Every structure is written in structure tokens, then in C-alpha cells.
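Take a look at the structures below.
Shared chain: chain A. Partners: chain B in the first complex, chain C in the second.
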Partner chain A sequence: MATVQLSNLSKTFADGTAVVRGVDMTIPDGEFCVLLGPSGCGKSTTLRMIAGLEVSSGGRIVIGGRDVTDAEPKDRDVAMVFQNYALYPHLTVAENIAFPLAMRGVDKATRARKVREIATMLELDELLGRVPAQLSGGQRQRVAMGRALVRDPKVFLFDEPLSNLDARLRAQTRRELKALHARVRITSVYVTHDQEEAMSLADKVAVMAGGVIQQYDSPLELFRRPTNRFVAGFVGTPAMNFVEARVEAKGEGKGQAAGAQMVVTTDLGRMRLGAGSGDGLKVGDVCTLGIRPTAIDVRRAVAGIEEEGEHAGVAQGVIESCDLLGEVSDLWIRCGTQAVLARVRTQDWMRSGEACLVGMPRAEMYVFEPGSMGKRLSGGESGMSEPRGAVAAALA
Partner chain B sequence: MKNETAQSARGHSWWAYVVLLPILLIVGVPFIWLVCAAFKNNADFFTSVLLPRGEGFLGIAWDRITLDNFRALLAKGGFARATLNSVLLSSVIAVGATLFCAMGGYALARVRFAGRRWVQWLVMAALVIPPPLLLAPGFELLYHLGLLDRMLGLILPALAPAFGVYLFQQATHSSVPKELIEAARLDGCSELSAFWKVGLPLLQPMASAFMLITFLGVWNNFLTPQVVMQSPGQFPLAVAVAQLKNTYYQDYGLLMAGTLASIVPVALLFLLLQKDFVAGLTSGAVKG
Partner chain C sequence: MSAQTSVASSHERVRPSSAPTGWQGWVLVAPFLLCFGVFSLWPLLNAARLATQQTYGPGFSRFVGLENFSQLLRDPMFWTALKNTSSFTLLSVLVQMPLALGLAMLLNRPGLRGRGFMRLILFSPVLVGVVFTAMIFAVLLEKRTGLINIALHQAIGWDLDFAWLERGVMSSLVLATAWQYTGFNMVYFLAALQTVPEELKQAARLDGAGPWARFRHVTLPAIRPVAMFVVLLCIIGSFQVFELPYILLNGGAGPDNRGLTLVMYLYQTGFQTGDLGYAAAIGWMLALILATFGIAQRVLASRHERMKGGTGGGA
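Coming up: the complex of A and B.
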């Protein structure tokens, strides 16, 4: 077990493409860290640099206090589970699991004992004599885990190991993986583009984009207090709604009087945000407002919503599409030129073409600087507000 | 549906026979002629096409069938020696070339090193040069190295044919996934042990096929040993058989017996390894 430190780690390919740019992070001993990001964000390259399969262009990698930047993969004491499992097709399950031990000169009797232990732990006892071609996807996944576990490495590396499994098996393997980590507590680095997987597995998540770590935090912090608009949009299902806004009026200077508000105009109409919103913005400035689909209030047009009060604004809209998910529904609502996604508790009247009112609770509003990487200026300060919409439905 | 498939399969096999039978005749008749000629005396060689006609079973004069040609062949001391030379040459080159080509092809496909692209170009360039063109410069090189009339003079130049390197490079691309080698390196393998433990076992079908092709090629090669070897004691079979020809008198029976004796070992080897040979040639053609 070991702490993994990456200092100013970078990778530029021969054609000049910089895929990882100055990554700094410390993964404490025994922690489960997930590198999360869209395709091409540099997460897999970062993982491969930790493994030693990719030579870094700059920076340092320290594992357990030892600088391994230039060390061979075999000398780093890391084990990796590949996306396609990378089991040796000509060897049996037992030989696959024992392979790392054999390569390290471990004697036959110890190898056999360790293989039995691992096989029992991963419920592979019946399969030891089979070759990989005779195994199902889930079984191959477990053998790959066994091969990684058997030599008790300092660090576990996972490169999207669940992406080849079907949804049900993926959920099951995720639970098993979590339980396994709780038992062995080996420092783990896990790469995925699936944010649900990241949120459910990780102690801490590093969200990457453009070769840079955008935020490295606990899953809940990422969700509550995303550092910028990219993280806010990437973390959370369904993704956060964004709308461009211009500041129309604002309370004077710092230390605003209680109740002072920022008023902005948007395509959804005028909105009154809470005190302290949009720190640093002046009248006339452009910003981006964000709200999670689960936080939006949707009422039938005839019912009406109290505009003043807890809502920053209420817009009139028409349901464009309604995706019934069971207890909850995803509504795409057209409000003028802007489309808004809301996840709400399913009600009978919700169908395409139905007029509705869309309420944006003030406590749930986020304000970002303009641009796709715009910094969060406010929002999420009060932690999770009272459950509403889909959250309330889930809790009900 | 099932019947239709079976019917169409039968249809296909019928056509296959129509196409294959004439080919079999074209290939088989000279061979049958050769076998018959090896068992005839010189007089019968000129008077009968296949076996000599007579009063015996099937209208063949069985009493005139003779093993004299083979006896004469064995009586010539050089023939046994030549067989041994051929076995030695073919085996050493087949094993060596397979190993070196596998290593070269694997390295070009899976190991990153400076100048890899240049080496690849060189291999491709070497592929387009006809081997007979290299005889004269090769002869001069061997002369300067003092390797003329020595086994090593035949073995060394044949150890890493460009075609083999190219073949194994392609086979590595299709049969040895990159991730497997990466996994092996993480599991404690060096580049060499990753090749031995993971790369080579996965290349085994291709290796068997290539070994057989090389063995046959060396066994049947006449031109190079004829140029490089000068002492009769060093001749392989192909050259030794050619030496059975006489300037003023041809003992065709002896010549055919020599040819047959030189064919039989490789034919047996081919029949033995046929399955691997076909598997090697089609490896990578079907994914999965």
C-alpha cells in the first residue's frame, strides 16, 4: 500500500498534441480515486503514465515515497485491470492468476496456495482449469481482478474495467469492487467516463477536461460545489441546465445588507437571486445560471406558482417531450428560445404539448462566469436544500 | 431451411470436385510418373510410360519392378551424407529463421524503439529484391568472410529473411493484442520474457507454418548450395541428386530414385504438420 503523488505530470505526443497538462494530485494510502472525464480528456493517459506504459513528457510520479517516473512497469509494483481484461488466452484461469507470481520467481507451492486463496475470495474455484475463451464477461473480469490482487501490489489501476459488461452485471461488479476495496484497502486509481460509476465507487474524484484536472474532491463536494461550469455539467444525472444571463441590478459592494438581491435577465425572464449571489459581478456583466433538473418545480399552467417567495423566477413553458421513467419523469420544456430539462415526480397531466409553469428555487441556483469553463461564483453554499421533485419522490 | 443449406453445401462440394480433379491430375501425374520411374530399370524407362507392361496382375510385369536403383543410390556413399546435410541445414535454418523472424516481426509490431520506421522500410524494400539477384554479391561477401564451402555460409544468410519478418509483423498485429503485452510487462515481464511467455505462444500457429515453409524451401533449394558449396561432402540432397546426372550416360532410374528419396521425408513432414500449416496460414483471418 502506498501514497501516489503526481507532480506537474504532462504528456505531449510526437505530433505535438498535449493530452495531459500539468497534473498535480496526491492520492493518500488506501484511498479509491477515480479519474473522470469525457473521451480524450487525458484520464487514460494519466493512468498509463502511473503504470509506466506511457512515458511522461514532464513531471514526476512518486509511489510510496519512491520516484518511479523512469522505472519500468514491472518495477513499480502496480497491478492493472484492463478494459478488455487482457487475460492470457493460452493459459488457464489458475495459470493466469499465478502468472505475476511466476514472473517474480515465487515457488510453486506458494503460488498454488495464493491462487486457491484468491479463487475462493473471488468465487473462481470451479473455473481454475478453464481457459479465458470458456468464461463469461463477468468471470473474465473476476479473473483479471484475481491476477491483479494475487501479488498484493502497492497500487491498483483500473482502466474502465466495467465498460464491457451489461448494465446489470456492471452494477453487481461495482458493488463487489467496492466491497473488495473496503476489505483490502489498497490505493486504487480508476478511470471511467461514467459519472455514476465514479460517484458510487470513489473516495475522491478527479474530473478532467483538456488534459487538466478541473476539480479533485469527494463525490458529494463535486455535486454540491462544482468548481466550474464544466464540472457542474458533467457531474450529476441528468446534467445541469444552463442559461446565459446579464446582471440588471445588484446590491452595493461587499457586505451587502441582508436580503439584498442580484437581478438578472435571461431567456427565461427576469430572475431575482439570493443575497451574495454572483460574487464579483457588476451591473451589465454577463454570467451563466445553472440549476439541476431535479431542483426545478414544474406545475400545471392553471395551478400557478407564487412568483415572489422561494423562487428566483417562474417561466411559462410548453412540454416538448415527456420521458416516463416510472416514479419520475424527464420533461423537456420549451420556454421561449430556451429548452429546460426537469426531472419531476410523474403526474397524469404531464404530456407533450401541455402548458406549464417552471419554477427555479432561489436556493438551488448556481452562478458561473461566462464560457464553458466559467468558474462558479455562487451556489451550493447551503449544502443540499430540502428535497424536492425527483429527490423527494425517491425519498417518499 | 436446414435441407436447403445441406443441399447447397452438397452443390458446392460437387463443384469443388469438378474444379479440383483436373488440378489434382496436373499435379499428381508427374509424381506418379516419378514413383513408377524410380522402380524401373533403364530399358523399361524408355519403353513404358508408367509401369512396364506384362502378363501379371493388371497387365503389369511385376517381376521387372526393381529396387536396384535404391540399392545403387545407397551404394553411393555421398547420398547418405547429403541426406544428413539436408536434414541439418533445413532444421537449423527452419528453427533459427522462425525464431529470428518472430522476434523481428514482433519487435517491429509491438516494441517502440528509435528508427523503427526505417527498419520497417528496409524490410519492405528487401521484400522486392529477387533472391537470385543477391547471389553474386552474396558470394563475394561469403568469400571475404571466409564462409564459402561451409555450412555456416548457407545458414547465416538464411536466418532472417525479410519475408518472414514481415509475415510475423502482420501476425503479431492480428494475434497479439497490445494490452496483453502491457499486462505482461506489469506482471513482471521484461521485453524478452513478454515475447517468450506471451507473444510467441500466441504466434505459434504462424510459427509452425513458417517453420514448415522454411524447411521445405531449404530442402528444395538447389541454386544457393550449388554456388556456395564446392566439396561433394558438403552437398545437400538437391545438389547431390543433380550430381547423379552423367555427361555421357544418364541412369534415369537412379536419378528418379534419388529424387523420390529426397521428396519422401518432406512429404511426410508436411502430412504430419498439415493441420498447423493451414491454421497458421489462416490465422488472423477470422477474429474471435
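Coming up: the complex of A and C.
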């Protein structure tokens, strides 16, 4: 077990493309860290640099207090589980698991004992004599885990290990992985582009974009207080709604913040944001408003929504499409030139073409600086976002 | 009635209108069948018939049953030819395969400068005809003036008067063949090496496998089917060797028949002695030997396929 420290780690390919740019992070001993980001954000390259499969262009990698930046992969004491499992096709399950021990000259009796232990832990006892081709995807995944576990590495590296499994098996393997980590407490670095996977597995998540860590925080913090618009849009299902806005009026005087409000104009109409919103913005400035689909209130047009009170604004819209998910539905609502996604409790009247009112609770509004990487200026102070829309709709 | 109509029409829809039916299919395969029949099947059957005849030129023939085959098994010249051909085949495989695989691994390294050019250079000898290769090596293997003797003389003090085509017939044949076909085999290995999963090599590196262990446990199992196929090609080609010794040894078999191969013996019997029946028997023996190798390769390959299974996930 060991702490992993990356300082100013970078990677530039021969053609000059910088894929990882100055990554700084410390993964404490025994923690499960997930590198999350879209394709090409540099997360896999970072992982491969930790493994030693990719040579870094700059920076240091320290594992358990030892600088391994220039060490061979086998000398770093890390084990990796690959996307396609990378099992040796001509070796049996037992031989696959024992392979790293055999390569390190461990005697036969010890090898056999360790393989038995691992097989029992991962419920592979019945499969030890089979070759990988005779296993299902989930079983191969477990064998790959076994091969990584068998030599008690300091660090576990996972490169999208669940992406080849079907949805049900993925959820099950995720639970098993979590339970396994709770038992062995080996420092783990896990790469994925699936934010649900990241949120459910990680102690801490590093969200990457453009080769840079955008935010390194606990899953809950990422969700509640995203550092910028990118993180806000990437974390959370369904993704946050964004709308461009211009500051029309702003309450003056910091001392009377309780009464201060910011009024903005958007494609959804005028909105009155809560006190302290949009810190640093002046009248005439441009910003981006964000609201999670689960926070939106949707009512049938005839029911009406009080504009005053808890809502920053209420827009009139028409349901463009309704995806029934069961208890809840995803509604794409067209409000003028802007389309808004809302996840609400399913009601009979929710059909395409139906007119509705879209209410945006003031406490749920986020304000970001303009641009795709715009910094969060306010929002997330109220704590965990409740599915307000759904609750409100149920009460209506 | 209407139900029947709808079934019939749905059948018509299922079959694309352009799909050939019955006789149209036969018309399409007819060119191949014609060529195969005239140039392969007919000569093969005729050779089988001929193998049961004793002939003296095309004019005289007499049915002798399996006499030609039993005679063949007692014929010391046949055994000499079989021994020579087997040695040549074994040596060719042992020389060409490691060399071709080694070169392929060398030229498969990413970032190696002049990789494409080197591949072309090494592949090009196969574009030269065997007759031309034989003529080049006849010059190279000359006693005093041949480049090989001169180079060996300068390197290790080799005897300049060493007569390769008398005392080193087999080595000469193996060397010339290796020059011509190693690059060709290398291309197969190169293609196979490019299919070795990168993840598997990396997993082996992390598992602590050194270069040899990685070759043994990752590369070799992955290229095994292609390697078996290339070995089979080499065996078939080597068993059929004829032009090279024929030209290098001036139409003879060299001193003490050291360069006598099966096909050369077949040629001598059929076209110099004139016993086409006996030559056909030799041909059939050769075909049986090669068929055995072919079947063995297929059995091994299918065993490998079964082990690898249908999905690539484990690979």
C-alpha cells in the first residue's frame, strides 16, 4: 500500500500534441481515486504514465515515497487491469493468475497456495482449469483482477475495466469491486468516462479535460459544487441545463446582502436570482446560468406557477419529447429558442405537444462565468439538490 | 387463397431478385470447374492411372498394378532422393523460419528508420526467378573467384579452393533458397506480429516478464497459426525443389547424388529414362507426403482455434 503523488506530470507526443499538462495530485494510501473525463482528455495517458507504459515528458511520479518516474513498469510494484482484460489466451485461469509470481521466481508451492487463496476470494475455484476463451466477460474480468491481486501490489490501476460488460453485469461487478477494495484497501487509480461509475466507486474523483485536472474532489462535492461549467455539465445524470444570461440589475451594498438580488435576462425570460448570486458580476456582464434537470418544476399550463416566491423565473414551453423512464420521465421542453431538459415524476398529461410552465427554483440556480470552462460564481450553497420538480409535480 | 398469395409474395421478397437459381449458379462456376477439370483433376487421375503402368516413352505401356510402388520402396535412388529432400526441407525450415521471424521482429519495431525500405529490400529476392537465383549463386559459390569463398577467407581464413558445389551441395542449396525466400516468409511474420495485442504485451511487462518471456508467452502463441502456415509453405516448397539444383549442378545431381531431390529423380526417370509410369508413382509418393504435412497442419491449427475460441476478449 502506498501514497501516489503526481507532480507537474505532463506528456507531449512526438507530433507536439500535449495530452497531459501539468497534472498535480496526491492519492492517499488506500484511497480509491477515479480519473474521469471524455475521450482524449488525457486520463488514460496519465494512468499509463503511472504504470510506466508511457514515458512522461515532464514531472515526477512518486509511489510510496519512492520516485519511480524513470523506473521500469515491473519495478514500480503496480498491477493493472486492462479494458480487454489482457489474459494470456493459451494459459489456464490458474496459470494466468500465477503468471506474475512465476515471472518473479516464486516457488511452485507458494504459487499454488496463492492462486487458491485468490480463486476463493474471487469465486474462481471452479474455473481454474479453463482457458480464457471458455469464460464469460465477467469471469475474465475476475481473472484479470486475480492476476493483479496475486502479488500484493502497492497500487492498483484500472483502465476502463467494465466497459466491455453489459449494463447488468457492469453494475454487479462495480459492487464487487467496491467490496473488494473495502477489504484489501490497496491504493487504486481507476480510469473511466462513465460518471456514474466514477461517482459510485470513488473516494475522490479527478475530472479531466484538455489534459488538465479541472477538479479533484469527493463525488458529492463535484456534484454539489462543480468548480466550472465543464464539471457541472459532465457530472450528474442527466446533464445540467445551461442558458446564456446578461446581468440587467444587481442589488448594491454588501452589507445588505440579504436583500440583494441579481436580475438577468435570458432566452427563458427574465430571472431574479437569490442574494449573493454571480459574485463579481456587474450590470451588463454576460454569464451562464445552470440548473439540473431534476431541480426543474414542470406544471401543466393551466395549473400555473407563482412567479414570485421560490422561483427565479417561470417560462412558458411546449413539450417536444417525453422519454418515459418509469416513475420519472425526461421531458425536452422548447421555451422559445431554448430547449430545456427536465426529469420529473411521470404524469398522465405529459405528452409531446402539450403546453407547460417551467419553473426554476432560485436555490437551485448556478451562475458561471461565460465560456465552456467558465468558473462557478455561485450556486450549490443550499446543499444536495432534491428532485424538487418531481416532488412539486407530485404535490400539484 | 389470399393467405397463400401473401405467403408466395413474401417468399419472392425474401430472395433478392439478382440471386442466381439452379442452372445460373452452375454457369457462374463453370469457368473454374472447366479449368480445374482440365488442368488439375484430369492430370491427377491420369497420373494415378499412369502410376499403375510400366511405360517406355509415350508409345509403350503395360499394366503392372502397384508394382511401381513396391519397386520404389526397394529403390536405393528413391531413398537417396527422399533423404536429400528431407534434409534440405528440414535445414530450410530451421534456417529460414528463425531468420524470417527475427527480421520481422526487428522490422516491426515502431520508429525504426528506413523500415519500409528494408522490408522492400528483404522481400525483393522472391521477385527474382529461381533460374536467375541459381545463376547468381553459381557465380557466388565459384572456387577461387566466388564472393562467398573470398569473404570467408578474409574473415576466418577459409580455404579459397573449397568447392561448394561438390563438397557442400546441401549447404549451397539451403543458402540460395534462404536468400530467396526468407524475405517472403518475413512478410507473413510481419503481418502476424502486427496482430499481437498491444495490451497483452503491456500486461506481460507489468507482470515482470522479460523480453524472452514476453516472446514465449505473448508473441509466439499469438502468431502460432501463421507460423504453422509459413512452415507448411516452406515444407511444400522445399519438397518440390528442382530448378535450383538442376541449374546449380549443371543438370546433374552432383557428386554421389548429393543433390538428387525427389522431383529431380522424377524428372530423370520420366523424361530422361522415359518411364513415365514410374515417374508418376514418384509423383504420387510426393503428393502423399505433402498431404500428410497439410493434414497435420490443419489438425494443429483447428486445435489452436478451439483453444482460442470465438471471441477476442481473452486475447
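For this structure, a couple of remarks:
One rule holds in what follows: the second predicted complex is superposed on the first by the 381 of 396 C-alpha atoms of A that agree within 3 Å, B and C clash if a C-alpha of one lies under 4 Å from a C-alpha of the other, contacts with A are read in each partner's own complex, and residues count from 1 in each chain.
The definition used in the following text is that a residue touches a chain if its C-beta (ideal position, glycine included) is under 8 Å from a C-beta of that chain, and two chains touch if they have at least 3 such contacts.
Every value quoted in this text rests on a predicted model; they were computed, and no experiment measured them.
On the superposed chain A, the positions of chain B and chain C overlap enough to count as a clash.
Using the contact criterion defined above for the overlaid structures, shared-chain residue A:R104 touches chain B and also reaches chain C. Of the two partner chains, chain B and chain C are each touched by A:H90.
Of the two partners, chain B and chain C, it is C that touches more residues of chain A.
By the document's definition of touching, neither partner reaches A:W332: not chain B, not chain C. Contacts of A:R140 after superposition: chain C is touched, whereas chain B is not reached. Contacts of A:V131 after superposition: chain C is touched, whereas chain B is not reached.
In the superposition on the C-alpha atoms of chain A, the part of chain A touched by chain B in one complex and by chain C in the other spans residues 51-53, 72-74, 78-80, 82-84, 86, 88-90, 99-100, 103-104, 147.
Those residues of chain A whose C-beta lies close enough to touch chain C in the complex are 51-53, 72-74, 78-80, 82-91, 99-100, 103-104, 131-135, 137, 140, 147, 164.
Residues 197, 199-200, 202-210, 213, 217-218, 221-222, 307-315 of chain C are the ones touching chain A in the complex.
Partner chain B is touched in their complex by these residues of chain A: 51-53, 72-74, 78-80, 82-84, 86, 88-90, 99-100, 103-104, 147.
Chain B meets chain A in the complex at residues 177, 179-180, 182-190, 193, 197-198, 201-202.
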